[in-house]
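Once you scroll down, you'll see the structures, which are given as structure tokens.
Below, subunit A partners subunit B and then partners subunit C, in two separate complexes.
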Partner chain A sequence: MLASILASGLAAGAIYALVGVTYNTMFSTSRVMSFTAGQLAMLGGVFGSMFTLKLGVPAIAGFVLTLIGCALIGIITEFVAVRPVLKSLDQHLYVLSTLAVALMIQQVAAIKWGTEPQPFPRLIGWGTGVTDEKFWLPVVACAITILGLEYLYRRTLVGRAFLAIAEDNFAARALGLPERNLRIASYALAGVIGGIAGFSGGELLLAFFANGALLNFYGFVPVALGGLGNNRGAIIGGLALGLFQQAANFMVGGIFSSVAVFTLFIVVLLTAPQGLFGASTARRV
Partner chain B sequence: MTAVTTTPPRDDTSRAFRAALPHLAPFLAVLAAALLLPLVGNDYWALIGTRMAIYWVLVSGLNLVVGFAGHLAIGYVALLTLGAYTTSVLVAGNVMPPLPVFAALPIAACVGAVFGVIVGLPALRLRTFYFAMSTLGFATIVTQIALAWQSVTGGGIGIAGPEFPAPFNTAWGFYFLCMAIAAFTTWISANIARSRFGRALIALRDAEVAAEATGISKPNMLIAIFLLAGALAAVAGGLFASLQTYITPDAFTFDLSILFFIAILIGGRGSILGPMLGTIILTILPEIAAPLAAWSTFLYAVLLLVIVLVMPGGIAALLDFRNRRPLASNRAIVPRPAALAEIMRRSSAGSALSLRGIVLSFGNVRAIDGLDLDVAPGQIHGLIGPNGSGKTTTLNVISGYYAAKAGAMTLGDRALPPGLPVLRATQGIARTFQTPRVIGEASVLENVMIGGSIEGRATFIEALLTLPRNRQDERRLSAKARALLGVVGLEALADVRADRLQHSELRFIEIARALMLDPVFLLLDEPAAGLSNDEIERLAELIKAIAARGTGVLLVEHHADLIFDICDYVTVLNLGRTLAAGTPADIRVHKEVVSAYLGG
Partner chain C sequence: MAISRRDVLLGSAGALGAASFSFPAPAIADSEPIKIGCLAAMTGPSSAPTIGFNRGVNFAVEAINAAGGVKGRKIEIVMRDTQGDPTKAVNATQELISQVKVHAIWGPFNSGEALATTPIMARAKIPDIHPCVVETLIDPTKYPNAFRMAPSNSQWDDAVRNYCLNVLKVKKIAVIGDTTGYGVTAVGASVAAFKKDGADVVYQANIDATQPDMTPDMLRAKNAGSEAIVVWSVTTGMEARMFNTRAAMNWDVAFVGHPSLASGDIAGLVEKPENWKKVYAIGYKSCSYDAAGKLPPKSQELVDRLTKAGIALNDTLLWWIAGGIDAVELFAKAIETSGSTEGPGIIAYLNGLNKYPGYFGTYTFTPTQHNGYPTEDIVMSEASTARNGTFALAPGYS
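For the complex of A and B:
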């Protein structure tokens, strides 16, 4: 049982962590928490199943097409729901505009793709039981994504520009950084990360339209635990959440595991509103 | 000023009615339409009308949470589910002997109220997106529990909804019952909206810091509102279960939550009529466009996006004709300080405000470093110094936004507890802010009335049912606010939305708001910033008149002329310490002050 808990916990945790990183990637350049993060991961599964199973595209090409599709959705989000409300960030209109876009994505998926969970193809075919690829694939995808992001942020100019904007938007613009283009790029990147989460977790979660809302919540918990914009916190929080949830799942049953997760979420947020690894609050007066 | 013509008192009620008629007319029109529906519609329309009324019962409560308090509660279907199951289970008798439905409904309301608070409490700590997520999470859980707890809820198979006794067991009978309940909830939510509680909610939403300074307690306000909204949602749930005749967890989709939430946003914040029209529109929309029924959530989402991007004020802003009339552009603020004598209680407390050895640091910076300060009653005490010398920080320590690390504050012989800004108003300390913190969407009069919130004596229940004590409160507060607006010279603008005013006018609104408390001490943070020379002169007269009523004034200001003109005593700060203190004449010639600050 321990092996099952570990395998499914780490797999689910890796997906939650990736959705958390998707939130953070969008947040870093725009200060916007977007409801589309979970939907992007849902689309990763739906696009993946559509390209590989329905249209018969080879797995690698299907993967690339999925990521392109998700990146496009990310860019559309930036244009439709983020850019127009950035001027009034303090009114929190972004909560509503991104919610609207997320609902549209979900509804179109439900109508065009169907409301039943549909199968996702086996990609590689390695492993059985607890070493099945559906368990280790998300973990590997998560690790590769993190390494890729670390390389991007530390070694490339674009990545450093991302960091500069995340650190201080005004100063970055004063330095002449193309803030708007970088923001679009970060939304495309968020789409890619969400797509990776959905595609690698496709065998575990299936191609199901309602995954979006679910992942929205379970992906946000690690962000809340780890602190906004803190990728390391999101990864640790995501894996911990996955293990906690699966342990509760095996021990007390599925329904109470979600009650347990929700309780944990509320308790942590009320005791440490900035997250366990978060930064301090802004001054009020 | 000429003498005001007195009107006989018997005209009062009819005049009040005539003033209220434009506000009431749309509601009466909706009510008339609801009463006429049975004459023109068939049973199918009875069903839609009933559904509309039930949704509105929930939305009218949720509107106070979302539209007035500004908390993005997007998961309210959870409370509808809770109410529906509680009523059905109690009537079916799954856990205890069956109850009649009219006994089950109030019990469901109580359960809903308790859970309304549990779901809402995170709002005290969590902001916007976080709170939205926590309500969303709660919505998921409730459905899962309903699914899992088979012995009580019937699980996926479901449970029969409660049946109402005659005459409410026909389509139209039930319709009239729901309409009556909906009319009642409209009335109570409008009562709350127009009372000091409604104003306080908007103040907490748009100017939380200023609301605290006037003594409005956020936890108390929010708990009251969440109790009410939860109870109404649960009642709506009970009616909903009866309308469905049979409920399963599938009946409570998240789409319903979205409908409730979007109805309020389409309607507009801080309005009752808007969300009501929003609910009507969203309920009818899928019915009149049947092919679009599958796309209804998509339509709602598009509507939401359009509202946010194009028309953030919603229907309410569209219908707000009064605030589209242009204001006079050459208006001047002409305060009448003389009138203060009739309005303001003379401050009799002869107690001084004194600070001893106050220390406050931000990280390694000592913003205040061992400050002593005494403000005598009736005295105007100037606090000046270069930028960053700790003037505003001192005000914030006095009004409790910062808790000093060391030192003591006393008001008379009582110690002022550090922190706790909400308690300052009860001790008679009022303040204004460096950047005016007023509620843009409320009228000037309402903004001033906020200042007297703690003087209201009616409880939440009395306000809910607009009992005599609440009406007295309202009359007293609005008369005093109007009089104070006369004192600061803004009475002509009393009914204008505050965000249409000029900066200098906002400063005078803040002063009027502070005076609502009849403060023992008034803290003014750069009241002259952004004012013209004429306005500064009038401000000086006003401040002098306030001090003459026995109120101690602590004035932070950069206009040296104003300080030297009106202050009895001046303290000069530098790097968080007192550089000099004395009468204006002493300070003017103080060598270090001249070189450090005044120049020349």
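For the complex of A and C:
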């Protein structure tokens, strides 16, 4: 039982963590919580299954095409749902605009792809039981993504420009950084990360349009737990959420495990509103 | 002769008075086509049954019209696409009744739409035949115009319980559903009925259909000593995950339940084809083949006719096509027997229907019972044996 909790808990947790990072990546350059993050991960599974199973594209090419598709959806989100509301962030119109785009993505996926879950191919074929690739693949994908992001943010000029925009948007613009282009790039990057989450978790979650709403919520929990904009917090929060959820599945069963997750979420928000790893910020008065 | 103003007034009054007299209706009404409205989810996610039903409807209409129609009147189907949306179904119902002025309605084909449209049709007293499963859709007092030609939820439940207790002869049952309204209601009703019949419900659960790992619930069901798992869900992903988990646990327990256990989508979702064995889904005698691969003679005759007419069977279910044919033929018989397209005549005919031999089933309605499908015609099918829209009978039937 413990092995099963660890295997499926870490796998689901890694997917939630990646969706959390997707939220953070979009937030960092725009200060917008885009509720399309879960839908990007859903599309990772749907595009992956479409390219590799339906269209017969080899797995690696299918993976690349999936990431390109998700990046494009990320860019469209920036143009359609984020840019028009940036001037009135304090009115939180982005909640409506990004939710609207998320719903559109979900409905189009349901109509074009179907409302039944579709199979996702075995990618490597390693492992059985609790060591099956459907369990370890999301964890490996999460680890590689985090390493890649660390490299991007710390060792490359573009990554540092992202950090500069995230740190102080006005100062970065005053220094001549192309804020708009960097924001578009960050939404494309978020699309790629969401695509990786969906593709690596495809064998576990299947290619299913309803995964979007699920991942929107379970991906948001680690962001809230770990602190907005804090990727390390999102990773730890995501993995903890996956393990807690799977343990609750074993201990108390389906519906009650969701209640347990919501209860934990609310308790953490009440006790540490800035998140377990987030720093509370001073407010100008 | 000079015409005075008084003459004009008198003449006008006379003309108006004459216009208000009733004239005999022209004989044109008797040659008008019989209009049957059809509320069909032709597009959208729940369009699969409609595709099957419509093949049957079109086949029956063409056959009846080619034979001269009903007492010389052709049947005209007025189809409206509801997209599975209750709001669109309501609008279409109102349009069919008040503008198109249909004589009867076939459909809608899912319970969500029917819950919205049934009271509207009842107010207009339009005869309606539908195949929706929710119990409350049939109430001869509230809805004297509505007739169900397919099984209700409780009839499915009776058939599943009968198979578990009397054919498989198991007593320790696990009942599992999804967390939708349907799943929760169906599990509750099924558990109560099993307990009433003396079975031991050792495990019951409602599982979120998107839960990626079914091991926790399957493990609990196994530890509780379940001898059969009854499934009430329409979610093929969840069902396939349960089959895969059963295989991973080396457990040979039988799954029995909802027709979706036999959905073709499951073939691609199970890790190995053998994971889908020992799964018994609700099916129908008329659309099940025996150990020798033979359908009942009447069904075989229908399949032969459909094949001859070039109607595809391999991407749909035979009962959908047969149900569509039966609905049209029932309306045709009702109009032929009552001699008119008036609603009361059609309803009176249906109320007196006794063991009418349709292709899908043998229907019986009375003024107080509008569930027309016989429970004994519901059987369990081997879920993985689909062949031209029919399935093999599950083990235990002679």
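What to note about this one:
One rule holds for everything that comes next: the second predicted complex is superposed on the first by the 281 of 285 C-alpha atoms of A that agree within 3 Å, B and C clash if a C-alpha of one lies under 4 Å from a C-alpha of the other, contacts with A are read in each partner's own complex, and residues count from 1 in each chain.
Here is the rule we go by: contacts are C-beta pairs under 8 Å (C-beta built on N, C-alpha and C of every residue); 3 or more make two chains touch, one makes a residue touch a chain.
Note that the structure is a prediction, hence the values are computed from the model and not measured.
After alignment on the shared subunit A, the placement of subunit B and subunit C results in a clash. In the superposition on chain A, A:A71 makes contact with neither subunit B nor subunit C. Of the two partner chains placed around the shared chain by superposition, neither subunit B nor subunit C is touched by A:L239. In the superposition on chain A, contact of A:A12 is made with subunit C only, not with subunit B.
In the superposed pair of complexes, A:G129 makes contact with subunit C only, with no contact to subunit B.
By the document's definition of touching, of the two partners only subunit B reaches A:F265; subunit C does not. Of the two partner chains, subunit B is the only one touched by A:A100; subunit C is not.
Taking subunit A as the reference, the larger set of touched residues comes from B, when subunit B and subunit C are compared. In the superposition on chain A, A:V85 makes contact with subunit B only, not with subunit C.
Shared-chain residue A:S4: touches subunit C; no touch with subunit B. In the superposed model, A:V108 lies in contact with subunit B only, and not with subunit C. Contacts of subunit A with subunit B, set against its contacts with subunit C after fitting on chain A, overlap at residues 111, 214, 253-255, 258. Contact residues of subunit C toward subunit A in the complex are 44-46, 179, 205-213, 215-217, 219-220, 235-237, 240, 248, 263, 265, 268-269.
Residues 72, 74, 121-122, 125-130, 132-134, 136-138, 140-141, 144-145, 147-148, 208-209, 254, 258, 265, 294-295, 297-298, 300-302, 304-305, 307-309, 312, 396, 401-402, 433 of subunit B are the ones touching subunit A in the complex. The touching residues of subunit A, when paired with subunit B in their complex, are 33, 80-81, 84-85, 88, 91-93, 95-97, 99-101, 103-104, 106-108, 111, 213-214, 216-217, 220, 224, 253-255, 258-259, 262, 265-266, 269-270, 273, 284-285. By the touch criterion stated above, subunit A contacts subunit C in their complex at residues 1, 4, 8, 11-12, 110-111, 114-119, 129, 204-206, 208, 210-211, 214, 246, 249-250, 253-255, 258.
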